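Right, I'll just put the structure down here and ask away after.
The first chain written gets the first letter, and so on, giving A, B, C, D, E, F and G; residue counts start at 1 in each chain.
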Amino acid sequence: MQGQAQQQAYDRGITIFSPDGRLYQVEYAREAVKRGTASIGIRTEDGVVLAADKRSRSPLMEPTSVEKIHKADDHAGIASAGHVADARQLIDFARRQAQVNHLRYSEPIGIEALTKEVTDHIQQYTQVGGARPFGVALLIGGIEDGEPRLYETDPSGTPYEWKAVSIGANRGDLQEYLEENYTGSDGLDIDDGIELALRALATTNEDTLEPSGVDVGTVDVDSEEFHELDNDEIETHLDDFDLLPTEGDEDESNEE
Amino acid sequence: MQGQAQQQAYDRGITIFSPDGRLYQVEYAREAVKRGTASIGIRTEDGVVLAADKRSRSPLMEPTSVEKIHKADDHAGIASAGHVADARQLIDFARRQAQVNHLRYSEPIGIEALTKEVTDHIQQYTQVGGARPFGVALLIGGIEDGEPRLYETDPSGTPYEWKAVSIGANRGDLQEYLEENYTGSDGLDIDDGIELALRALATTNEDTLEPSGVDVGTVDVDSEEFHELDNDEIETHLDDFDLLPTEGDEDESNEE
Amino acid sequence: MQGQAQQQAYDRGITIFSPDGRLYQVEYAREAVKRGTASIGIRTEDGVVLAADKRSRSPLMEPTSVEKIHKADDHAGIASAGHVADARQLIDFARRQAQVNHLRYSEPIGIEALTKEVTDHIQQYTQVGGARPFGVALLIGGIEDGEPRLYETDPSGTPYEWKAVSIGANRGDLQEYLEENYTGSDGLDIDDGIELALRALATTNEDTLEPSGVDVGTVDVDSEEFHELDNDEIETHLDDFDLLPTEGDEDESNEE
Amino acid sequence: MQGQAQQQAYDRGITIFSPDGRLYQVEYAREAVKRGTASIGIRTEDGVVLAADKRSRSPLMEPTSVEKIHKADDHAGIASAGHVADARQLIDFARRQAQVNHLRYSEPIGIEALTKEVTDHIQQYTQVGGARPFGVALLIGGIEDGEPRLYETDPSGTPYEWKAVSIGANRGDLQEYLEENYTGSDGLDIDDGIELALRALATTNEDTLEPSGVDVGTVDVDSEEFHELDNDEIETHLDDFDLLPTEGDEDESNEE
Amino acid sequence: MQGQAQQQAYDRGITIFSPDGRLYQVEYAREAVKRGTASIGIRTEDGVVLAADKRSRSPLMEPTSVEKIHKADDHAGIASAGHVADARQLIDFARRQAQVNHLRYSEPIGIEALTKEVTDHIQQYTQVGGARPFGVALLIGGIEDGEPRLYETDPSGTPYEWKAVSIGANRGDLQEYLEENYTGSDGLDIDDGIELALRALATTNEDTLEPSGVDVGTVDVDSEEFHELDNDEIETHLDDFDLLPTEGDEDESNEE
Amino acid sequence: MQGQAQQQAYDRGITIFSPDGRLYQVEYAREAVKRGTASIGIRTEDGVVLAADKRSRSPLMEPTSVEKIHKADDHAGIASAGHVADARQLIDFARRQAQVNHLRYSEPIGIEALTKEVTDHIQQYTQVGGARPFGVALLIGGIEDGEPRLYETDPSGTPYEWKAVSIGANRGDLQEYLEENYTGSDGLDIDDGIELALRALATTNEDTLEPSGVDVGTVDVDSEEFHELDNDEIETHLDDFDLLPTEGDEDESNEE
Amino acid sequence: MQGQAQQQAYDRGITIFSPDGRLYQVEYAREAVKRGTASIGIRTEDGVVLAADKRSRSPLMEPTSVEKIHKADDHAGIASAGHVADARQLIDFARRQAQVNHLRYSEPIGIEALTKEVTDHIQQYTQVGGARPFGVALLIGGIEDGEPRLYETDPSGTPYEWKAVSIGANRGDLQEYLEENYTGSDGLDIDDGIELALRALATTNEDTLEPSGVDVGTVDVDSEEFHELDNDEIETHLDDFDLLPTEGDEDESNEE
């Protein structure tokens, strides 16, 4: 372990290793991820659930303008945490890769392949000079060969496959909650996954969630279609799970 | 949170994150926005209102030369706050994107799509080295599919959709004023929106406004045409709202 | 506001903002403008007047070699203040833009359009690295659609339209003089404009001017032709206004 | 040998030597390799064995998502240790080289030739500026002309051929274990190699291994086909060797 | 005005202004000019005279090898002061421009146009990074439209037209001498100009000049031909003016 | 001579000279050569001998994988000392040059010409920025016009021709040994050269050498073919010269 | 004159002037020249003599491998002093220029033209960033229009023509010796020139010279052919002049 003065000597250029073999700029980009509100992904028996905390900065802001869940392709969705503008770049990149796959092979891109296209792109920004790393993590979920798949990309460009995972603020607590409450995908259907995801997000907000303060998207194995829940659907779920709050809160940063 | 000495170590290159995951150059660019005079956007039932404070530096300067409200396309206007020369670049970029859309698809560009073209352009200047970020925020308002839409772009390249919003100087006070006085777009017509915007701007100027010291532009759902109010129209409005002043004041900076 | 030590940390690269959102290199380029001798522009009812102080460094230097007033196109002139070599680049750029307009549209370029081509060019040098900003301000005057127009460009790349304006040394005093003595363009003809400009310049020189120490150019609405006054014309004017001196003075710098 | 203050002066640019002729950035990249979990390669009489420790960070992470053993071509596999995202780049590079060889010469690429293509690629990143070295070591094993071959690449771009070798964490202890227990390839078959590799990895984990915590791949001289063992095969081996554990452990870093 | 410590902060990059709007690297390049031996230009009624001090470093050096006066085109000559190798680049540039003019327009390039081509070239080296300014000043003299013309270029890229001027060492004294003794071009013929130039140069050398220590070139309005005086012609002039010395002196620097 | 603090100011960029005219980065690259194990070249009457110490890091490493002697072309071999990965680049470069010569001129490249192609390539890395020098020295030996030739390249890009020479570790002692024991090429045949080279290398290893710890290559004037001795040949020689050891030793660095 | 601390601030980049107008990197490159052994050029009535001190580092080094005198073209030779690898680049450049002249004009390149091609090339490395200056001086001698010519190039890119000149170590003493003993080219033939050059070189070596420690080349006006003296010719000369020594000495540096 190194002292602060020494650390500073190695943490300002992405193209250098520290004496103990670390890339500080990549580690700082992970801090940018932590500054964003949380997103959660759950793999269930019959699909994938993506859910995201998207508390608005102001009552005058359109809740829909804070997008945390995005459609990547018909059969795949992406949730993000961290620097919003960076997330938009990576999501656009992922969409283009998905389109290219349709054009070349006339079939949807695999979720793993899509993830690795994205992480290879991210890695370039950690090795070659002249640009900073992406300050964002993504959850990429969808159906591949009839099976639900859920991946995470981090700022180093490493892909991970998960059963259930959270990115962004409070990752420690949320991941612990998931490990305690995720009982395996057997017998867990998409509605159970939505409940688990929403209950997890609610733990960081005094066990309540505004319908407008959360995004939920799913891809099920039958339709293989990404579906983003509308406000009413979310409200119904929250009501069912007894998570409806009285008041939303504000977040001034532009990380989500 | 970090002390000042440490902050200085990470705030001089756009391509590096600080240890707590922040991009200081982007945050400083936001300060450039705050140095400019305020602009306000209001979404109403039948259109969008853009209004801007544009106090001149000198009685000999042509008031029209301080442009804060610009036509982006027939159906869309843009208000700016911050570094004027930067604003001109982004507005030109937006106009070219709108033209390209006409050429490619023979239809007007969507307000959301236009906004995101602009924010993607802004984001590049925050990640790739060799240039500084844009020191300007924009409000992009117009009609999309018959609906009024109002967006903000910030120096990080994040797009936000708003019902009512202010950028530039006194954002805190103005946004608070809007939150208190914006009662929802139901029943709020364009003239009400103009009144709200002008009254808000006047709060920072002892409740008076020079006709030549303010720009107002509107896009209504019927005509889908951007309309910039001339001096007489503005004077009539100010007179109606009892906001006519006795004297304008000067601003030496070239941020507006 | 910041102390001097801190300021120094942010003022050496054009591609970075200071913590309070300023671009110091652009502000220093404005100082280069102030180091140059003054130029003045006056918009009158029937034309535009450009006048410039061009005191020579030595009696052996050809007064005509210190050019402060330049023809940009048949219908437009440019006066400069600041770094001479930089001014030449921008004036050449403006001339090429005017030529391109003739070739493309077979008509003279508008004064506003010409100004904005120049300011867009200037802005690039304030945002993209590898070069310094232009250390010069220009006054661009001419006739557009039969109307006299007068613009200023500054080192940030911001265009301003003026009725009467000064750039360069003593801007504060000269602008104050103009504000007091410019009574509006109604009833002010070109000869009145010349008188006002010369009287203003003379205030900084004990109320006298050498014919060879001043450049005067005009564009009137009838001919729409840029006309640079010769030595005799200037002498006649100075004599009429009782501004003829006994002795010129020297200026060692190469800013004008 | 140099003191710490002096070392710091030469270790931040890949393009400079220290006064004693060392390339510190390359040495720091070796530290990144040591931060990754271990991989082991064993050359046997009838093939090559690659084995890797791949302990997961969380019970919710898919063990298969932490890939340490990769197929490079039909007849060749690669194990990695160090920065995961870097490993993926080099493995992709190796795969492309193998494909190119098939296209050009209609025959599989030699293991030595493949290794040297990779190390030449790595070397470029240690001599030419603008990028950092690769923070990863690889073991490349396969069959060439009917003979098993096993190579290592390190961050300096040096290729080494081995009978038995470990890379990553605990290299010192593991290599010592291999030197004591590797009795030469004569009479050692692939199953013996798997046993030796797994027993070596287990020494760093209280002599137990989770089936999901280890990757094993082989290439035998008969089939000349890379084969990655599935979970059941690994469990059977671990059971045979009495190495089955009770519990896995976590590793928070993204080096493997 | 600034102190030395502060000055140092702004004088090492050509692409930055100092807080008072100065370009220190350009000012230092002017110092390089002052380190060179003097050159003088005189405009007379019937031509232009260029003369240069070119004291040799050693009696074994060929005096002709220290060239200070160069032919730029049939009708134009150039004298230089400052960094010799830089001078050669600019003179070659000027010759190419003159050739291009012959090819394009089948007529000799104007002296003013030639000068401005050169100063535009110099200016680029003061604004765009990656190179230093030219450490040399030139005197460009010749005949344009039947009239003698004499220009100076300085390291900032500013062109000046002169009746009589000196560049290089002792500029202050020499220019003062010229101002006192140059009585206007009326009635001053080329021989008078040569006398004035040689007498001026001699003032810095105890009123004597070696024939081999001085270069003299002329362009007269009749022939419009650049003529470089040979040693005998110079000796005759020096003898006539009673300026022949007993001994030359040495100069070790490679600025002339 | 300079003190250490001053030296540090000039030794970090290859593109700058120190005040006493030295290129420190090149001198440090020479240190990288000294960190590698020794190579020796001997010119004899009937050929050239190259020999190299190549002690392995581990008994499990394939001795053949530590290549110190390489075939450059049919008639030429290369021995290296220093940074292994750099050596591979230069040897590949040399081989390509040799191939190009065959293609262009249908004859083998001269040994001197080959050496100078390599040293010109090395020199570029010492003058142009953006890369570090090569940390390796080469011995290039072969037959040219029927005569044995032996050259050295060093990190500055200087070629030297030798009768007998050593590079790498212990150069001082080894060169002294060669000067004492090399009696001229008259009467010295290749076997004598092998003996001299092996005896020299053995002096640094208690007068013994492992057959696997040494590489030997020869080119004789009759065959003009590069021949690399196999293990048995080397063992026979070592046995003849009574140099067979009991034990090899290890070297942890990746310089050879 | 400046103090040491200040000097250091301006001597590390080739693209900046010091406050007193100096280019320190060029001056340091001159130090690299002084670190090399001396070369001497003598112009005689019937030709040019080039001679160079080339003491070898070791008795095992081929004296011919330390080349200080090179043929540039049939009618021209080059002697060098300073960084050997740099010299090779410039000599190759000179040879290519000579070839190009043959191809373009079917005649040999003039000695002055050849020199100026070389110095223009050198100058580029002193003005444009990204590379260091050449650390070498050259003497270029040959026949042009039937006349012997002798030029020097220095690291600033300045050409000088000489009757007799030395470059490299001991320039001060050697040049003084030449000034005292060179009596003009009248009556001085090539053999006299060889004697003068060798006697001068011997003054720095206790008045003796090894035949293998010196290179001599001549170009005479009759043959217009560069001729490099072989060992016997040199030995005969040294014997004639009574300069044969008993012992050579060594020089460890790679400047010559």
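Some observations on this one:
Simple rule for what comes next: contacts are C-beta pairs under 8 Å (C-beta built on N, C-alpha and C of every residue); 3 or more make two chains touch, one makes a residue touch a chain.
What you see is a predicted model; the values in this text were computed from it and never measured.
Note: Cα superposition of chain C onto chain E, rotation of 50 degrees, nearest 5.
Measuring from the averaged C-alpha position of chain A to that of chain E gives a distance of 69 Å.
One simple way to say how far apart two chains are is to compare their mean CA positions; for chain E and chain F this gives 55 Å. With centres taken as mean Cα positions, chain D sits 31 Å from chain A. Among the residues of chain G, those touching two or more other chains are numbered 13-14, 129-130.
Contacts between chains close into a ring here, every chain touching precisely two others. The cyclic arrangement of chains, read from chain A in the direction of chain D, is A, D, F, G, E, C, B. Per the touch definition, chain B reaches chain C in the complex via residues 8, 11-14, 24-25, 28-35, 57-62, 64-66, 83-86, 88-89, 92, 125, 129-135, 254-255. Within the complex formed with chain B, the chain C residues making contact are 6, 9-10, 13-23, 116, 119-120, 122-123, 126-130, 151, 154, 156-165, 175, 178-179, 182.
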